[in-house]
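Single-structure report; data block below.
Each chain carries a letter (A, B, C, D, E and F) given by its place in the written order, and its residues are counted from 1.
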Amino acid sequence: MALCVQFCGEKQLIYNFKKEREMRKEAFVGMSSVFALSMIALFASNAMAGDAPTIDTGDNAWLLASSALVLIMTPGLGLFYGGMVRTKNMVNTLWMSFIVICIISVQWVLWGYSLSFAPGGWFIGGLQWCGLGAGAVGQAPSDLYATTVPHLSFMIFQCMFAVITPALMTGAFAERFKFSAWLLLIPLWASAVYAPLAHWVWASDGWLYKFGALDFAGGTVVHICSAASAFALILFVGKRKGYPAEVKPPHNLPFMMLGTALLWFGWFGFNAGSAVAASGLAASAFVVTNTATAAAGFTWSVLEWIHHKKPTILGACSGAVAGLVAITPASGFVGPMASIAIGVGAGLACFYGTTKMKKACGYDDALDVIGIHGVGGTWGAWATGIFCTTAVNPAGFDGAIYGNIAQMGKQWIGILATWFYCFGVTSLLAWFVNAVVGLRPSEGEEISGMDISQHKEIAYHYESEQA
Amino acid sequence: MKKIEAIIRPERLTIVKDALEELGYPGMTVTDVKGHGAQRGITEQWRGRTFRVDLLSKVKVELIVADSDVEKIVQCITKESQTGSIGDGKIFISNIEDVLRIRTGERGEKAI
Amino acid sequence: MALCVQFCGEKQLIYNFKKEREMRKEAFVGMSSVFALSMIALFASNAMAGDAPTIDTGDNAWLLASSALVLIMTPGLGLFYGGMVRTKNMVNTLWMSFIVICIISVQWVLWGYSLSFAPGGWFIGGLQWCGLGAGAVGQAPSDLYATTVPHLSFMIFQCMFAVITPALMTGAFAERFKFSAWLLLIPLWASAVYAPLAHWVWASDGWLYKFGALDFAGGTVVHICSAASAFALILFVGKRKGYPAEVKPPHNLPFMMLGTALLWFGWFGFNAGSAVAASGLAASAFVVTNTATAAAGFTWSVLEWIHHKKPTILGACSGAVAGLVAITPASGFVGPMASIAIGVGAGLACFYGTTKMKKACGYDDALDVIGIHGVGGTWGAWATGIFCTTAVNPAGFDGAIYGNIAQMGKQWIGILATWFYCFGVTSLLAWFVNAVVGLRPSEGEEISGMDISQHKEIAYHYESEQA
Amino acid sequence: MALCVQFCGEKQLIYNFKKEREMRKEAFVGMSSVFALSMIALFASNAMAGDAPTIDTGDNAWLLASSALVLIMTPGLGLFYGGMVRTKNMVNTLWMSFIVICIISVQWVLWGYSLSFAPGGWFIGGLQWCGLGAGAVGQAPSDLYATTVPHLSFMIFQCMFAVITPALMTGAFAERFKFSAWLLLIPLWASAVYAPLAHWVWASDGWLYKFGALDFAGGTVVHICSAASAFALILFVGKRKGYPAEVKPPHNLPFMMLGTALLWFGWFGFNAGSAVAASGLAASAFVVTNTATAAAGFTWSVLEWIHHKKPTILGACSGAVAGLVAITPASGFVGPMASIAIGVGAGLACFYGTTKMKKACGYDDALDVIGIHGVGGTWGAWATGIFCTTAVNPAGFDGAIYGNIAQMGKQWIGILATWFYCFGVTSLLAWFVNAVVGLRPSEGEEISGMDISQHKEIAYHYESEQA
Amino acid sequence: MKKIEAIIRPERLTIVKDALEELGYPGMTVTDVKGHGAQRGITEQWRGRTFRVDLLSKVKVELIVADSDVEKIVQCITKESQTGSIGDGKIFISNIEDVLRIRTGERGEKAI
Amino acid sequence: MKKIEAIIRPERLTIVKDALEELGYPGMTVTDVKGHGAQRGITEQWRGRTFRVDLLSKVKVELIVADSDVEKIVQCITKESQTGSIGDGKIFISNIEDVLRIRTGERGEKAI
């Protein structure tokens, strides 16, 4: 996701090719009117068009490709989570992510995008773009966001972010959540938690945006937000029966690793796509994303080696996801060396977050949404304030190591505001949904598994191999 | 007739099977099972959580044989699947009252 | 797949950036010749080149990315189908799709593309582009199709469509089809059924194209075509042994869901790529594809809830595929609100198509090619006539709700012509192949499963875990 | 991977659109200074910028998309290999590939890229780009490589090649390699084998590059290199216990096929991305990649049918990978008809390479790295010398069938130099690593499987389905 | 009481099960097993390598029945699972000393 | 010696296993089986098709124990796996003639 301020910055940064084109165009109009009088009629329309932002096909190609990449992350997340649950909950875990795509894709078009991005107040967007504003969000570029691509491209790219955020939460309360409760919660949560937060951080009139807290691709909006909300939900829904004594190992590690691979793959769209242009900044974001992820995956493996004698694939993958999370807010503001530091930090923070911290606190965060997305997102948002530099993105700010200690403070305001807002509002929603349909299935349903009890489906039928 | 049920290490199955075939007792039924005896499970560690896998994979080999062949076969299996360390498994012998070959309907010893 | 007429429309629509460039170029040549005499030599070549269409790198980037996206759909389809069959037929189901890629990719280059797209008659294309016409289909843009990208890009994009269409059929006759028959059928069918149909609908001299039936990305050419052909084949090959009494449940739902995810992901290339440009129209097609799919997946889940008490992941995925199918012909002509209507309609039509209709008719369409691709494709092609609007694509037409009832009629002509032609010709081919090698394996082969009998392979060897 | 010489060629080839833009720009500056004096200030910056290479957003979009595509190949390879090993080695096989991504992504940024691509000598690159040269490798295009995209884009694209090459090796010594040895080997090997080789072939001062051996996307650098190194390693590490008598069948063919699909999908980025531009050449490379792969997959299936009575999915997939390997060096130099010949040749060569040749030699190349990547890469590099033509790429050379027999000789020099260098240096490294940590696990560890012994993880826990 | 253990072809399971239900003996336990008797395995060929799969998939059906019902049931199974070619399987009969229904705690014949 | 075969609900396995370990009878072999008795299957619905899954997942626990311990163990299993509703499972007891510990070659009761 692109930080608004960066759009202008982008333009400055890539002055020599994008601005230049526009200038050439204007110059052209002038010249044409002198030297090529016979072409006046033709250029008239052109001159008018010259005022409106035009589409750069390269930028649009990258943004559309990025949108597709981010889409595949959500089913990838389903596999990542699904591989870690017990067989009897596999279908449900996949379904929880999959249905979010179905619901939010429609909700976003109807009112979600408007609440998040339409000009409104400091807190939330207006309603003028509901249903895409009867064409207001159309094939022409917006003059607010991503001015070189169709407004629809920007809208659908954002849609994919709104989709994956609630899907991330499902890891925390996996194996013990009623699907009816989840169905009800999704649209409520998207409207009351996600939309305001996205507005705060990315809309040009959002308060955090104006305040100057940096978040390139969603460290707060996506990761802290999902972790804080998940935290509220697991306090309401309680621990799994038998946790922690009887917890069973992941049922399918290849699916887990495939999910991780799809996440890593899609995350290039997530972060580098947030430059909303096929620019140098996109390339930079792409590079730091890859480097931080790799560093974090490696760090986690080393820590496992030290603490448990053997590095596991679950560890390497967990580390990679932690790295992806941590680099997200920073990806458009830091250079490659900083990204290694962020990655190593993410590996360390999330490793201890999922082991020591979780054990100490005792909550049942089934697949470590808090330990990875909460801790990693917080570290990433903080690290952005440490390592960010205008050498990478002139539209950003310099961070602590470049002497601007204040930026770290701004980042922390953003972090804390996000944690509190999301935790608070989600608690209210959880209370409401619990009152209406109940959050938790019966003990018998939990024992026989979510697949049978919620879907009457069984993930694998190998046993009926023949006949 | 007797039923010989041997619970052995999965990695020994091929060797045992080949040895039995050489002895000339090809008929056998194999089942994947899990179990523990003196051998305790292994511990898997993920994200700081400890999963004790205390039922380890074993293979159960069942052979129905004539009374006179029991000793020979038991010796053969023991020899081929012994490693001397915990987890080698056990052999159980019980009585079978009748056998029927579905293909032909033959019964008794000649159906084995 | 792009409708030809739309290429011109595209150009008008995006007048202000593509046309403008060309004009600038011409103006330039003029000016240069006056003011920069010393550069004449250099510009001479440029002036000549100015007449030929030039490559827009952004458009080309998007079309190549789209081609890759459509390629992954076919193995994705294999997983989608494979997850639904019994274990003993898994390998064969994957193989049936995979081998289509191998065969058609070569056939397309040798003669398929020529028959489909080379200028010819109203019925079928000429042979002048066989073997890509010894360079006629080369790195320079075609002047007929997709004039801003290399002709080879357009050709390979189309190739991926020719690949997936026969692969779609395999769902209908899964678990009971000889692979030798399938090998023989693929090239015959591609030449006698697919090529003419693609020519009718998309070539500039095809009769349906001239007639004005709209099909943006293949509702008729891909979906109705594969369903009608599959229908002919299952009538020939008969029901599976024991159907419907002994039908067994899907053996691997995670693979089914992964297949669906890859389809959804790839379908962005399928539909938005059919704009053959990284244009506003591509963005629009991308958005409606996502929205309709989501709406259909959700609708199906709701219907399942109503009829069977529980929503299943197979249902959500089936609905999503139904939505993808239905939006395909409409994707370049309708807006987001219409896409929700099309998606909901697809969910309804295909849900009842796969349940009531199928039960009523009694055929054994193993994985519901007719119920989803036939019903969904028909609904989509019809809905295109209802909801299409020149506000989205000036090169299209207005539909019924904009007062042009006639468009619905044209769509129905296209739909019916496709159903009859594909059903008829495929019946002849089925009869022929049956006579030559036989379509159906022996009962014994069917009982022991296609994997053993056709490939001597077993999908999973978990049992031989060790030793 | 792009051959340097081709960058210039590219420019010539696409003269009419890229060169022209630049010329227009220069002309512009001139004209502006005469006719639009009031705009001088504005254009000043532009004029300066005009000297530096500018970013083409379309090219950049394609290169970033290609980088993401190549990234997904490595986990795809893990699945491809993993599906073929026994259950007890699945996790380890996935892990061996996955950890390479983590290690090389960091190593590449720190020193790998510099050693490979920084200007240096004929043998290896300099150290001036270590750590990306403190910004030397930045958002502006390089003036050496890929001059229309950010230098960072080119760097990260290359990174993905450096990642997959060692991962390819893991197939040869699968099921019997200590992970500690692998961890140690990766960075050593990447520095001592891969970096020099990449420099020889692709850097503008590399000796093979200057010599005129053609390798578009890595037939020598990636495929022969990994095969020759793998060969050295399996001679050191020895055969698997019980090989060949007790070798067991692949444990999961659907994963194998999914891996193949991801490889095919990603290979479009690998080959077509190596044009480092969304150009006609990229389209051409895309097309020949697809055609050769399909032809090889089909050929292998036919050979299996002849020799073993049944075509298998493992055969079709092996053939496809063989085709992908063989077309890699040729992809930017040959046309579609030649690609069919290369594909058929790859199917033949690799089929007999993995069956007769391997049996005759008796080494235990577990998953046929030598039979497929060694044989296929050698055939492909040779075939490049036969079929290459300047009609496809004016920056290349004509091959044997166009009368330039000498090119075949040059190719063979490249092939042999690669085999010998990689085999030799990897042998030294293997000896060293063996001395330090040991290459091979104990027999007991091998029997209980790499998953338990190296990772204490088990791939599937279906058995603990409930409770 | 007797235990009837029938090793049959997997593809016959449905038919046998349905036939047994008609006979009125619904209680049964089914296990996936592998085995070989006179029937040898199949050979898979991959990349020129030969994998002999000599343990073929079978299904073991176990029924605990009253002594008086043994013959009826054995006949039924034999009839439904016979194809006449190698690999049809075997039936083994042994003695069971006691049965207990966990739900109610009943024991003996009435617990079957 | 006796063989105790208990067919129980899979979700009860952990509890039963822990209870048996406390009793001090760690040796056991576990098999995944399917079965039905009074309990009928569940019905899965997909795309309007009805799949009756009439063989439900169960777990078979086998313990070979000395004659004197049979009652104690049967009671323990019954207690821990009883829910009172259909599908709780059964326990079968039969005779074992000999036992052999492969690791040591010991036979009889001391090999259990």
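In this section, a contact is a pair of C-beta atoms (placed from the backbone, for glycine too) under 8 Å apart; a residue touches a chain by one contact, two chains touch by 3 or more.
What you are looking at is a predicted structure, and each value in this text was computed from that prediction instead of being measured.
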Listed pair (C-F, B-D or C-E) duplicating the A-B contact set, over half by residue number: C-F
B-D against C-F, pair bridged by the larger set of C-beta contacts: C-F
Where subunit A and subunit E are represented by their mean Cα positions, the distance between them in whole Å: 54
Subunit A and subunit F, separation of their C-alpha mean positions in angstrom: 48
Where subunit A and subunit C are represented by their mean Cα positions, the distance between them in whole Å: 31
In subunit D, residues with contacts to at least two other chains: 31, 56-59, 61-62, 65, 246, 248-250, 252, 258, 278, 308, 310, 312, 314, 447-448, 456-458, 460, 462-463, 465-467
Multi-chain contact residues (two or more partners), subunit E: 11, 14, 31-32, 34, 44-46, 53, 57, 94-95
Parts of subunit C lying in touch with subunit E, wherever the complex brings them together: 242, 246, 447-448, 452, 456-458, 463-464
Contact set on subunit A toward subunit B in their complex: 244, 247-250, 304, 307-308, 310, 312, 314-315, 318, 351, 354-356, 358-359, 368, 371
Residue numbers on subunit F that touch subunit B, as the complex places them: 3, 17, 26-31, 64, 94-103, 105, 111
Subunit E residues touching subunit D - in the complex, by the definition given at the top: 44-49, 51, 53
Of subunit A, residues touching subunit C in the complex: 24-25, 28, 31-32, 35-36, 39, 42-43, 45-46, 49-50, 52, 54-62, 64-65, 67-68, 71-72, 75-76, 78-79, 82, 90-91, 94-95, 98-99, 101-106, 109, 131-132, 135, 138-140, 149-150, 152-153, 155-156, 159, 179, 252, 255, 258, 278, 454-462, 464-467
